[in-house]
């Protein structure tokens, strides 16, 4: 075991390592760029060598030899198992149920794990126009498990999102279930303070803190009165070996891991 | 001009040459094996060098270097412009309206050009079970123009088909038009006696006789009281050059051109 | 993860009595060896689905494997009638369900895409719709006009022959690709038979050529000449002589039984079958190479 | 029939004020040169459709070509915001119509397939459906459950960059093939720009690689480096530096104007643009070759 108590790491590194640990060997993951991409590659290099990475650009089983800036980088293609068109990716893979894990992000995540990546304010006259759904609406609906990675800030965790780009548990788990949608919805939100998970009703509650973080920090930075799980866990410490992989091999220029 | 009056040819050769003459340069043709394939190749070698041959197996712009026995022969692929899957052929090409000409055949063709390639007798307990639609239902519906090649025999030309595998003009042109179907329906039926074409109401009438054939022969071999066009034409004589191409280059073993 | 096994093992494990089986391939790449292995293992009550049943299902029906046929064209391609299937249908001894080619491939596309139905434009011919309750209509919500629908087809087992695959099941196919991709994605279990098992670097050198990815594949079998008398583009020619001969054999039940005894029950596997065909047939079906132009993916 | 012409001629002939234009390419093969030529020719009131508007539409919007945007994700991929498009939308100066990626590609698929709509399964998120009247529902005739529908998108002009094409328009594409095929078949006019114009024997040596057939193509233009700062798999790398720089340039309207003056209005064509980028950039974007494994089609 590494000696990890004195390790220094950034919020991004902390989130990335914890996201990687959620992945299982053999998982088929619909990957976005940035932290999800790093988390997948970290998992592949550690406990999940048979992880399959799929990109919405139509790449299956990518083995990028460099860190891609965009989701459609040529390094994702060279050496991939298969490349297909966008219609095939969204039908044969995502809609058909061939995707185990989807990573999601957004400007706002609410109490029931619904995500807003579309607008802040009114849709027709937005205060801030965000990028929009891309592939996330379908990923949130149809991937077996969804994970969200986001910094823990009050403005990012409102009681209710301004626009539901992607479904969490709507106003409660029974409402999502009633739509008959195939995916299991958001299972874990990884923040720089800890992990949030849906309770029986689909409401996100604090289930784990990262070492050194407190319930008070979480409450201060959440836009609703967040509940705390009866048995609050502490996430396992970051290992030096994980940081070395991230820093020296997966993101040597610190493109995604710098900051906070 | 060839001296053609004394030429000897089979019924198949006669129909093939007359079918070829219906094709226009630049036509995109959905081709079946047998006579349609020969007719297309003859047209390409004579007046329609830019004819594009499409096969339902998913081959576009085939340039077969030998006579294919089946519609999925490897010679259709080697040297073709493009190969795609069946779903693409039926959607992107046929349903989208990218096919000018479809060739049809069947065991029965009726007064309004409807075709039966499914059963003789009752569907549930057929006297004769025929191959079924294959691609012909959609070809008959969606190709801009359809041509039918068939020997002129009474049992092949009933008043009404036992089963409508492919639509001609149903019970009259207005009925077909009312379905909103995109294709123009059967334009010409080429037989060994002459040509049948739909009148204003979509009823097949005799519009041309091959040299030496008579109206009486046509009437005797048609299952309804067939009308004769006011100006009955005679088809142009077969040219020696056409026969030479067919016999020496396109079907040297007489696989499709022998008989009758 | 390697999924290599023998064809015998794959059929034992993944094809069960009563299953719906789709042996893929529009004229090209028809996995005859898999059909023969299913016959040898004595499977019963199968629902055999194929756009074009071809000789492979004529043989399986003759051997008593089938309860039902789902199809869109029953002929011996380029030759004529599919005699055994036809006579079983005429005698009422075989259930069937019938579509046009487009209806059949749309059912597979719906199954592959995880959709409850696929719309198709009207063709004006309504008799198939009349006799097949699976063919329905829905109103286009934009124009109010009706379109035709078919439901998904999701076979229990899809069997797909390919030119080359890696041991995990990533498969390259070229030439006519009929419905291979749709069968693979719609089927609950996928068995790949391959002319060649290659290193995964070969597959990964040309990912656009990979029609079938490992993540939907259950078994990978190395079965050279699996497709005879159908063909494998670039590997061997279609045995048109056999297709013509079958027209004669299949006229006579005794001849069919003799043929099955000699060529299916009488051989243990595809290698023995191929050797039995003899050098003259091998020579007749041999094909000279003609390569695709080089394609540079770049070393990114 | 040869359809070779210059990009200038193709844009003059096939792109008109008020048209709906789709410049294809998901990150890969984005035809920037065509966008620049449209800017140079001063087209106005275009409806610009793209899943990911990317920098090409940011530039066209900045140059005043666009009246409306149809999209599913507006970002500078991997960098952040698409600043010009975003501020025009926030200011209410640009109309828009919005889908998810799947909705957008389904619209193209419906257009390409000649269908009046395409069904999609429900996602449980209904806000896009609420604000976009083009997104509707239809009852699945088999289960009675509702599915989501989108109508066809049929652009007036589709512009598609490819690795190689013959003079008639048969085009080989490899690497990421996002929505190229669907755009080609859905569009009323198709303009092909190609890194290389090759003899048709090259194309016909590998027909499975031909995504776009000549019969739907109006114009074929030889435009090497057409995709910069996007990329062409196997030919040159994505210019990530430019994507990062644009984030700065697009913050400042004056800088954008200067950039357009220098790099679009100030050059006459792609060749001049590419030379102006200079040898350092050329070297940075150069890619070492890595070839696909050989594929034997056979000499039938």
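Letters are used for the chains, namely A, B, C and D, taken in the order the chains are written, and counting of residues starts over at 1 for each.
Simple rule for what comes next: a contact is a pair of C-beta atoms (placed from the backbone, for glycine too) under 8 Å apart; a residue touches a chain by one contact, two chains touch by 3 or more.
No experiment lies behind these values; they were computed from the predicted model shown.
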Required steps from subunit A to subunit B (each step between touching chains, minimum): 2
Steps in the shortest chain-to-chain touch route ending at subunit C and beginning at subunit A: 1
Centre-to-centre distance between subunit D and subunit A (centres being mean Cα positions), rounded to whole Å: 29
Inter-centroid spacing, subunit D versus subunit C (mean Cα positions, whole Å): 37
Separation of mean Cα positions, subunit D and subunit B [Å, integer]: 40
Overlap residues in subunit B, where contacts from two or more other chains coincide: 59, 73-74, 77-78, 83, 95, 182
Touching two or more other chains - residues of subunit D: 114-115, 120-121, 145, 174-175, 177, 181, 208, 233, 237, 287, 290, 297-300
Chain pairs in mutual contact under the definition given at the outset: A-C, A-D, B-C, B-D, C-D
In the complex with subunit B, residue positions of subunit C that touch it: 26-28, 51-52, 71-75, 77-79, 81-82, 86, 89-90, 92, 98-102, 105-106, 108-109, 120-128, 131, 145, 174-182, 231, 233, 237-238, 240, 243, 287, 290
Interfacial residue positions of subunit D with respect to subunit B in the complex: 1, 112-115, 170, 181, 185, 200, 203-204, 207-208, 210-216, 297-300
Interfacial residue positions of subunit B with respect to subunit D in the complex: 26, 28, 50, 52, 59-61, 63, 65-66, 73-75, 77-83, 91-92, 95-98, 182
In the complex with subunit D, residue positions of subunit A that touch it: 33-34, 56-59, 68-74, 76-78, 83-87, 90, 94-95, 114, 118, 123-129, 131-138, 140-142, 163-167, 170, 176, 179-182
Of subunit D, residues touching subunit C in the complex: 114-121, 136-143, 145, 147, 149, 151, 172, 174-175, 177, 198, 202, 205-206, 208-209, 233-235, 237, 287-300
